């Protein structure tokens, strides 16, 4: 027998996904993405050149990096602006995931910085940031192609991300904050349509059995068609 | 003969003002305000208690403070997240202006923090922050009254803010970024309907005559009825 | 046909594990652990009291936290002492894993800080830190029991950690630095004898198939008996 | 009927101004200035080159910047050395005002840094810093001319600064600390002999009428001949 | 045959010492001291209470600490305000020396902070700071006695400080900057009339023989009567 | 009549000295040195180039610098990782002493960084660091010679270091922590076989007589043959 979820969701059902392009006029790629009440503003900026530690390489590759922050008013408790360890860890995850989705050599010697600013937090801010961040970079590289700055598209494989939780013995997809805060296992999955980019599964309380991980992978791969459809609709309209 | 302004504005005409309430669900007061293409998200959070340096006073007064930041994607050049001297100076101006608008003793021993995050910058971010910030605090104290936490309203006198520029010998109200960047004098005015809360007039290039200051005060006091009407409409709908 | 590994290891074979207790005389628990040429010094210190954000809880729970650093001379390139994002992320992983292994309520209102200082780095420093860190905390709580400061043992389930890599299509256990630096997938697994505490799998280059993750779990669970035996021998001698 | 001021000053009367040149032997320009018991040591240092963000401009302009600090023993409560937001704001005001007084293109590609260190604080430290800072830069550019490093004098228009306060309904010039601390309006004016460089008027408590600003301008412009005379005497002796 | 020194000084002769009391009106003890062209402003401030790490002691002792900084304009090269390792080391020396000169138990549970700000640097800034700092604390404790806040005088033994240098094989007392910058050995001595409080002797280039240290002690003890006389004259007038 | 010391040491007797080379495989020079229970790991790393402030000199000299830190578990009270003033002062002493022992011009345009990490602290950590640090640099320059990177040996004069304490009127060599913590005078001596590199003598409580300093020099010079013998044995085996 199943747990009752807010809004009558089934265990494997995502919250409504809403994607708006061009909310900010200045960045090369601007995406506002919602997973239910979680809202993240993603801005992809392009600068010529790469970080100093990359400059010696012979073939000029590009670089993609990310910064993640919660606006102070995004949560019921005001969030301090000082970046905490948690934020650094999340932005490293976002950057790593985006770099796996694009061909950095096709990007040429330039850096794309993806700023993910959480306007409203209700669980799943890092997974919404990755999905929205991918779209923001896609818009940015499209603009670089349109301007003739780069040739072939650097998109290697579209990615999206979603989280899962184990609550009272049941695996739930895309938990909101009220669910997430009482989860026994918290897992973030970054996926292509059939492969894994990154998986982080953490026992918040008790160690968990391997079959829990299997169930989470089932649910997550099950929802990727819906996520890719939302992304496709947004960029096609 | 008059300068030609973008969108055919007259010298004393503001850009369109747009105000949306409740954009963020968590803060006590949430206001998104636009002066043309400048967009600022203002969030008023309430915490019990006041800063340590106020605690010794006998009559428990409240405190209002502000933080101001530009989102990295708010400008055509990506803005670094490290707070600069300019940001500190602006948030001190916002906090000072808001404290002049409210009766801190009626607020009781609690602190309202107003976060002004610039989503898009096109000139006048600090004045939009003050006008929007006043509304955010007004919503927050209304909620405190509704909950019976405070009695009489701490609103002392509604305030709004607007900037003026001297460009090629002509005084212009509410300059956008393209105008602001070639101004000879840059003035920010925080006003009630008939009084001055704060005025900062700066010669960017050449010192200016006193009659310029007088013209700016004329234009600014001339537009306050329109600004108060926009504010009143927003909170009444 | 299999890849050839340094020291003629088979794909599922760990490097020699060496564990020494009491290397430092002062900490409550002192463990020096080696996975091959990787050497980590783990020190568990006990302080009365818990962090401020825990103090309001009614039942006084304890807390376990960790700090991780590489000594400047631990690597062929001198490592700067300034903590980087990578170090913060690793110490958060270590702390989280250790907290899952112990019953914090049985620990009482005190904090155990586990310092993991890498004397020599040759791949797998974070997994060696977790295995060694568990033993250091176990020694510390044993001492607390011996002194009568706490009653029942807070040990809930012993944990150990090991990493896996995908290299040229083959899954290898416990890669050293030369292997790790050319891995396509890098996975860290924190395990009890039959359950998962944390799993982090990252595509360094190309997204990977789900069966790779399955193979890694096989190898990792296959080596835990050996690791627990090394740990048991160390504390029994 | 007028308020009684310390030392029997009339409302529009400044405290005694004392200016000493060459107090420090090393800086290009060294000025110690007193407004009554307020004492500021101003040192103008010259370095070749300009800040990185100016270097791309075609015509090599110079730059003038300022740092402001209070010595720990300058006040009845020991002042901490950590620069606070207030200090940053003041030094930005000083730098801006000085740049308006000099022709930066005549200065050539070099930077003048004006350090204003408050030896004793009794109200008006920022206005004394501006007046003294102007003289320090004037001495420095004179020395550059004497050495033949620059040709025509970069002095555009001499400036001085003074503050005004509204206390118990009366406008007072150059308030000392005891007056300043109970002011309802606090205004700083930076002036040439007939023009405005910067004006900052702040309601400390209640918004104020426009005629208060007018009175303050009257008093301030009324005292500038005296200030310029003090400055002229100092550099002529 | 002897080296020729600026101003015709003999090897064991100090530069003229000038001491002015009360230069700053606010601190409990204010002393401006010159060793030739080196000028240091010393301010002793008193605050009730002691640092947290002292508070558990049963007998409430006082504490004396120091901060040392060079004003940016004190040297021919502008000095940056950021405290460097050298400044920290010097202020630790000053604090340690002053604590040896006073009976901290007679001071009661209060802290004296001695700020030594170098107005002009020409060698010997740390030794002038110690001599001037001692006087500033002496004035402060005298004021505490006059107010009846403390009973018996905490002065244990007056101290003074002077430096020596080995230049071209000859030992010179109180070197100025031009001498100091070419010294082979640099020694700072903090002395009572017949004992040593601290001695720091450093080979700048070549290790030195023990007899050099003996000569420096001779010269330093030889000049203490003159230094104590200057100090006595200053407080007696 | 003599004080009784731990382990029955005579006043002028050092604790057992133990020196191990190559404990870390990566640094150019790796030395672990013990003075009794004090254990310091010294690593000398070599980087091409010198700090920016040295680069303008015509003859390319090398540079030797040091960093000193205590591992958190090195003491009975956990040591925080944040570098404190004390650490900075110690590492400046180590760097200065090592630079006096080597001919920097023979080193060529490269920097040797000596990291001294205290594994266990029981008094004398800075003196053990200097002795061990000298050996680490010696090993590093030997390797540079073996590789043909530098020609003649930069070793100028071998140095070692030891501390002395005055306790209950008696001078003791190489005090351990229990002795050091009740010393009236604390002296660190860096010596060659017959000369002084640096001497720092500090009265912890009462100023001391000059003959105490003489006794300390006797004891310290008396033990240098033993220390140099330990060093020689270590590098010869």
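Letters A, B, C, D, E and F mark the chains in the order given here, with residues in each chain numbered from 1 onward.
Keep this in mind: a residue touches a chain if its C-beta (ideal position, glycine included) is under 8 Å from a C-beta of that chain, and two chains touch if they have at least 3 such contacts.
Not measured: the values here are computed from a predicted model.
If each chain is reduced to the centroid of its CA atoms, chain A and chain B end up 34 Å from each other. Measuring from the averaged C-alpha position of chain C to that of chain E gives a distance of 52 Å. We define each chain's centre as the mean of its Cα atoms; on that basis chain E and chain F are separated by 28 Å.
Residue numbers of chain A whose C-beta contacts span two or more other chains: none are found.
A ring topology is adopted by the chain contact network, closed into one cycle in which each chain touches exactly two others. Touching chains close into a ring; read starting at chain A and passing to chain C, it gives A, C, F, E, D, B. Taken together, the chain B residues at the contact with chain A in this complex read 23-27, 30, 37, 41, 43, 45, 47, 67, 69, 71-76, 78, 81, 83, 113, 115, 117, 119-120.
Within the complex formed with chain E, the residues of chain F that make contact are 85-86, 88-89, 92, 96, 100, 157, 159, 191-192, 194-210, 212-213, 217.
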